[in-house]
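Chain IDs A, B, C, D and E follow the sequence of writing; residue 1 opens each chain.
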Amino acid sequence: MYDTKRVESIVGQDDIKISARKVQVYYGDKHAIKDVDVDILDKTVTAFIGPSGCGKSTFLRCINRMNDTIPIARIEGQIKLDGEDIYDKRVDPVQLRARVGMVFQKPNPFPKSIYDNVAYGARIHGLARNKAELDEIIEKSLRGAALWNEVKDRLNEPGTGLSGGQQQRLCIARAVATSPEVLLMDEPCSALDPIATGQVEELIDQLRQEFSVVIVTHSMQQAARVSQKTAFFHLGNLVEYGDTDDIFTKPRDTRTEAYISGRIG
Amino acid sequence: MTDATAHNAPAAAPARPKSLLTQDARTKRRNAAEKRFRTYGAVAICLAIAALVMLLTSVLGNGASSFFQTYAKIEVTLDPEVLDPKGNRDPAEMSKITTIGYGNLMKQAFPASLQAAGVSTEGVPEKEIGDMLSKEAPAQLRNRVLNNPDLLGETISFWALANGRIDGYLKDRVTMTSAERDGNVSPEQLQLADRMMEADLLEKRFNWDFITFPDASELRPEAAGLGVAIIGSAYMMLIVLFLALPIGVAASIYLEEFAPQNRLTDLIEVNISNLAAVPSIVFGILGLAVFINYAGLPASAPIVGGLVLTLMTLPTIIISTRAALKAVPPSIRDAALGVGASKMQSVFHHVLPLAMPGILTGTILGLAQALGETAPLLLIGMVAFVRDYPSWPVDGLFEPASALPVQVYNFTTRGDPAFVERASGAIIVLLVFLLCMNLLAIYLRRKFERRW
Amino acid sequence: ARDNVQTAGSSTVLPYATIVAEAFGENFDFPTPVVESGGSGAGRKKLCEGVGENTIDIANSSSRIKQSDIDLCAENGVTEIMEVRIGYDGIVFASDIDGADFAFTPADWFNALAKDIVVDGEVKANDNATWADVNADLPAQEILAFVPGTKHGTREVFDEKVILAGCEESGAMEVFAEQNGGDEDKAEEMCTALRTDGVSVDIDGDYTETLARIDANKNAIGVFGLSFYENNMDKLKVATMSGVTPSTESIASGEYPVSRPLFFYVKNAHLDVIPGLQEYIEFFVSDDIAGPNGPLASYGLVSDPELAATQEMVANRTPMGPLE
Amino acid sequence: MSIGLLLLIVVGLGVIGYILGRRRALASVAGDPRKLHSLPSQYGQSVFLFTVVPALLLLIVWLLAAPSVIDGQVRGTVTTDGVSQSEIDLKMADVGRISDGLGALMAANDMSEDDLTALTPGDSDLRGQLAAVGVAVGADVEPAVFEAAKHKRSLTNSAGLIRTVLILLVALAGLAYAMTRIRPDFRARNVSEAVVKALLLGSSLIAILTTVGIVLSLIFETMHFFRLYPAKDFFLSLTWNPQFRGGSDLGVWPLIWGTLYVSFIALLVAVPIGLLAAIYLAEYATKRVRSVAKPLIEILAGIPTIVYGLFALITVGPMLRDYFAQPLGLGNSSSSVMTAGLVMGIMLIPFVSSLSDDIINSVPQSMRDGSYGLGATKSESIKQVILPAALPGVVGAVLLAASRAIGETMIVVLGAGAAAKLSMNPFEAMTTVTVKIVSQLTGDTEFASPETLVAFALGLTLFVFTLGLNVLALYIVRKYREQYE
Amino acid sequence: MYDTKRVESIVGQDDIKISARKVQVYYGDKHAIKDVDVDILDKTVTAFIGPSGCGKSTFLRCINRMNDTIPIARIEGQIKLDGEDIYDKRVDPVQLRARVGMVFQKPNPFPKSIYDNVAYGARIHGLARNKAELDEIIEKSLRGAALWNEVKDRLNEPGTGLSGGQQQRLCIARAVATSPEVLLMDEPCSALDPIATGQVEELIDQLRQEFSVVIVTHSMQQAARVSQKTAFFHLGNLVEYGDTDDIFTKPRDTRTEAYISGRIG
């Protein structure tokens, strides 16, 4: 377990967008996240890496309280967004989620047209004053997610009739269209070809200019390419957290090293 | 893929409050809408439950008293001269003495037995004293004697059913003022009833007979029971359950999973929803034509009632089952087909269990409807006065029987006000019956419910 | 083979039939007869469906059998039918027990409920609002009448013995006939056409419904059977008709004008076949049951003065002749 | 042999076939089920089905056909020239009863076949004897009829014997045939599934048969009605006013209007309340609340309608009259469309709520997650994602409720009255088609009069009318259906 | 479009497990697969690569007739398995699917226990004579899919409560448990970490000893590692098909080259 003091030394307190302390997650009896402390910086891409089943998605879902929807999930500890405890009684998870957007691991387009899928968030948050603005947001988001060319002629067809990778990009576009301050992306490129992956990575890089992005990925290369910070999870523990370069070049924990070099999974 | 990346800048961030703890106007509005919506839901539930409570309290309030019945204690000397004039104790001979004979005997014995117990009968003519007993009482006595001829000659003490008006007096349905106007009971009788109560000769007891006795005529509301109706309803529900559920589910599976998309399927589909809208009495017409006139099944019998109700219930079950099947996501079917399951296996192993809650709901609604329906029974002869209990199945299915809703309906159409409480009492029994029937379904539905 | 008697038909006869069936079942070794309700017309139709154990034995009826029924019977092989008149049913007019007293004549009812009435020799649409408008001797209470719906046999009697009689009595009939060029049928039709402005309310349900409606509308007057009224004397106040108070006596003597005979029809082919059928019908018309002191009378049936003839007919199984 | 016993034997053979088939399949691959095309139990199943199904089908066909075949044989013997068809029908009915009666007579009196042949209608009181065993004969027995009855009896007896033998043979043949077909590559699963599928198809055809039955049982009397009463008046007249002495106006429109109006108000109550309740139960309520509230609300569907009717008559009607109709100057009738509609709406709530709740509950969680993840509130997710996804089921529920509304009688009789009227005022008394079907059918009028027969025409009209509505509903659902995943 | 003659010259006719000729797939009006000819060899791993939305999944679903379940899909042309046309009227798709197993792109475990998920195929095909044999099959399949260690203590918990990558491996185990002759795997490692990926690849290699495996992947590296043959799809066309080594080292079509070098997507 790495110690909290170090985290604070890495980053100036001001830049911290999200800070988690002693987070525990239980699914029924199963202890899925153990005592995780982490600070996620503003205007930074943070990568969560770690073997399958180690708790990356679980932790991600804690950050915008999506775990609330799993009846058996129980969360302890503290997570702050801009210094405010998001599990505070007074916090409205809806407002939180508007600020902390999410792309899920399994693409889940709505049974609506492609257009309506992307327009959904913008509509409920009132981001467009009129149809033209909405159209613009949709085009921009779909372009950002590298989907525009493929679907521009079939915006009125159902989103569920897309290919796997297209659905994944649709979900990215859908999340981007709501302009969240923090975007949580759970393996957003898992079903994408290298080119599309590159485009999405470019999008992530742009988003970073203004916002904070957390991305879960199994590709070390991708983590190295897009992220500035990397957190390595293993069996529910946050084993190591630091600058991406450091993690990949001089990991301090043996487990990290083993994982990066392909020895543990 | 050549999307110009220059356009990729995200949409301008909307002005949002910096704090999670304060809400901006829009969020407030949305949260208010949320709260409103949630409240609507809660209000809807409350409305439904309030309506239920209102109906149930009125039913319970009116009907609870039917589970209690007033009995009067009477000492009768069973005079062999009267009851067995030939003196050979032959039941066949003795049965020649009708209830009228026994009635006269009781009418004579009753004032005497009151006086013997120290209750003054002053001011009440003998005939009116006798009228305080139910017309069923002589029949009770007669049965007792015929079953045990050795009683002849003895003086037996006997709790006899009291007349409906006296019973009503103990249940506050009849009052002194109403008795003054009423030609069927006099205030003097009520006063005598008061005196009898003081002497513990009149008391209200729990009324098992209401559940076990058959129906009775208008002259003896106090003896009317639901026994035959309960048996009849039970038989019919058995038939409905064993036919409508499998057939309905099978039909739904075919239509939803196997039927090719064509005109015939559309026709069947429209047909079924249309059958749901066919008034239940039309099913009665059908039942009369097909089951009684064509197939020659007996009238007034649970078998015909059960078949008619089955046909009537089928659309309800089919519509809900189909809706439930439709709601199962296709990925589940794909998963099964992908490991080499046949369509049939994917349906029976995966889709059907997931659709179970909807199927059970349809069954609950369908059975509720079938249990409460009278109109179709009217035409097949089950809206009837039946006193003899049908025997065990299978024979019993072909013998005349009544049904609970029929009994409710009959009770409500009768002139004597004492039947009002019995109608409500019958409704209580019907609801308990329904609940018992649905308990398993409700339990199973909870068990099968899951999200994915 | 079926071993119980099955009867069906009139809901008016039903209470009497059940009383008899119950007593029969309890005193004889035969099973208790099954008594269906469902209406006189439906009962007669069932009777005429044919001969055999899945057809009924007896049809109860609150009106006489019609020629078309007899034809249908004949067509289906039911050739011998016995017509048994069991007594008379009185029809009374009653209002809430706490309301005003009424003394009606048929003309009052005609003038209160008919669609068109005659005022000073002129036909005009009925706009009487209170009973006092109809007849100054009646209370000034709003007119609201619950009359049996057209499905009920009682309505036929009401039309004939009250409205039509009132129509004639008040002289309106002549004016109507005149207006229609002497066509009596047209005139009768005009007489029996009731108001549709909500003053006269048809009741398709039973007397209990009428009673409940009076409970909800205290100023209303309803039409009931005598036996129903006698069972609910603590809630209803009966009105006199042409000065006569309805009772079994006044109806039996013919003083009270509004009454009708009740019947049942027996399928002779089933006699001796269905166990207990003959015994049941003999029991039904016996003095012990249908006589003036029997249970039927005590429930409100007006005993038939010619009961003895009926008993003899039943004993001889005399089928009915053609309708006159 | 009685049919019940025969059935039992056939099913018993089937079970034996199952066991044998399963065993033989396993034996054919020396006990290694992996070498079989299908599961061993599926081989057993196929033998079972081959044994039972053809035999049962034959039995059904036999039961349907045999009586008319025998009838045709016997009919010839009673047919004489110049006798009308209906008279022959009557005689045939007698023949049937007597031949059944002879059987009963033999059983009751210990008679032998010889005694029976010796029996002639003349020599004893045959009618009396038959009556003694509970067989009613309309008149004394004619010799020709009696001979025909005896003929029929012998035919029926031998037919019964043939039936038993034939069916057992078919069952055995099926068993044997299925057994010979068992080889490792025999497609047992496909075969038994094909049979099951046919059974499923058969079940769905019951709906069609029911419809055919309904139409047939209505159409003849309807035609009879239109012979007595002009169709033009029925469909075009705007008054409904049946009379006893004839001259009735039997226009269907006031009734259709009343039906639509009452159902509309009932749905106006039931659909919003039911849907909101369903949403609350599925999305907001805790598990406990849900598990209590849902069955509670379902009780509303089980309360006999007469209770609702009385509730309408005694409580709701006067209340609406006193607080709405009279102050608003909309009349002072205590029975009204509004009363019946409101109360009926309450009864229909569970039809909408329970079924919709099940359907909403089965919308995949990932849909909700997707919406919440975008910062949507629960209600927004429900309105914009979940309900559209659940639409087909919800429409089904609403249709079911509408159907009940159209078919309801008791509440309308007591709540809305019996007067047929064409009026827009919801506080007026009106009535519906269904109510009039019941009242005309169970009334005191003679059966062959238009006043009674109109019930059948009303039934058929309503049937066609709702068919139209359902076609419309199907079309709408098709158009808006959204499939998730 | 590459020409058919060449295909035949590459492989001896005997080894052909699946051969497709002039396959066209339409979704309603959309022409998703255009005129594809391909031969898939026995005891070989074939990789399908190509940009997202190019028709890989669609073609894969044709091979075991899973497209039958999509009402709007229409297939033309001919696909033969061991020389028999699988779209022949007499062919029982169920039997076909028992021989040609499939792992779907989106993990779709049954809402049943983990055990039952894996046991299902074995049960309906009668692969186990008794409980012990079944247990053995299940353990072997789960081990093969590198999931055994993670789930061995929770076999009775629902399969839907697993992490994304675990679900994916569960679906692989489920497919393997039925011992198909051909296994179609649609991006089976998209949600897996490198180690798990390695284990699955090892499984694929083992399967290849006896069976034929087709794998869709977006990872060129993975294709190169596991497959002997590679097919490159682009916009519904099969652009190039050949030995994996050849495709990656000396692609003959410019589009292939562009894709491999990361220029088109």
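Please note the rule applied: contacts are C-beta pairs under 8 Å (C-beta built on N, C-alpha and C of every residue); 3 or more make two chains touch, one makes a residue touch a chain.
Keep in mind that what you see is a predicted model, and the values were worked out from it rather than measured.
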Notebook entry, point to check: Count of steps on the shortest touching-chain route from chain B to chain E?
Noted result: 1
Check: Steps needed, at minimum, to get from chain C to chain E via touching chains?
Finding: 2
Next item on the list: Using the touch rule from the top, work out which pair, D-E or A-B, shares more C-beta pairs.
Entry: A-B
Notebook entry, point to check: Quick one: which chain's Cα centre is the longest way from chain E's?
Noted result: C
Next item on the list: Grab the C-alpha centre of each chain and report whichever is closest to the global C-alpha centre.
Entry: D
Check: Which whole number of Å gives the spacing of the CA centres of chain A and chain D?
Finding: 56
Next item on the list: Provide the C-alpha centroid distance between chain B and chain C, rounded to the nearest whole angstrom.
Entry: 31
Note to self: On a C-alpha centroid basis, what's the spacing between chain B and chain D, in Å?
What the structure shows: 21
Notebook entry, point to check: When you check chain A against every other chain, which residues touch at least two of them?
Noted result: 94-96, 98-99, 106, 124-125, 146, 150, 195-196, 199
Checklist line | Per-residue multi-chain contacts in chain D, two or more chains | finding: 189-190, 310, 364-365, 377, 380, 441-442, 483-485
Check: Considering chain B alone, which of its residues make contact with at least two other chains?
Finding: 1, 30-31, 34, 330-331, 342, 354, 378-379, 412, 452
Next item on the list: Check the chains against each other and report every pair that touches.
Entry: A-B, A-D, A-E, B-C, B-D, B-E, C-D, D-E
Check: Which residues of chain E touch chain A in their complex?
Finding: 27, 30, 49-53, 57-58, 105-107, 146, 150, 154, 161-166, 168-169, 186-187, 190-199, 218, 220, 259, 262-265
Check: Inside the complex, what are the residues of chain E that reach chain B?
Finding: 51, 64, 66, 69, 71, 94-95, 97-99, 101-104, 106, 108-111, 120-121, 124-125, 160, 171, 174-175, 177-178, 180, 264-265
Next item on the list: Please give the residue numbers of chain D that touch chain E in the complex, ascending.
Entry: 31-34, 36-40, 187, 189-190
Next item on the list: Spell out the part of chain B that touches chain A in their complex, as residue ranges.
Entry: 1-5, 7-14, 16-21, 23, 26-27, 30-31, 34
Next item on the list: Enumerate the contact residues on chain C facing chain D in the complex.
Entry: 1-3, 10, 38-42, 44-45, 48, 50-53, 62-63, 66, 68-69, 71-72, 75-79, 149-153, 155-156, 159, 188-189, 192, 196, 198, 201-205, 209, 212-213, 215-217, 269-270, 272-275
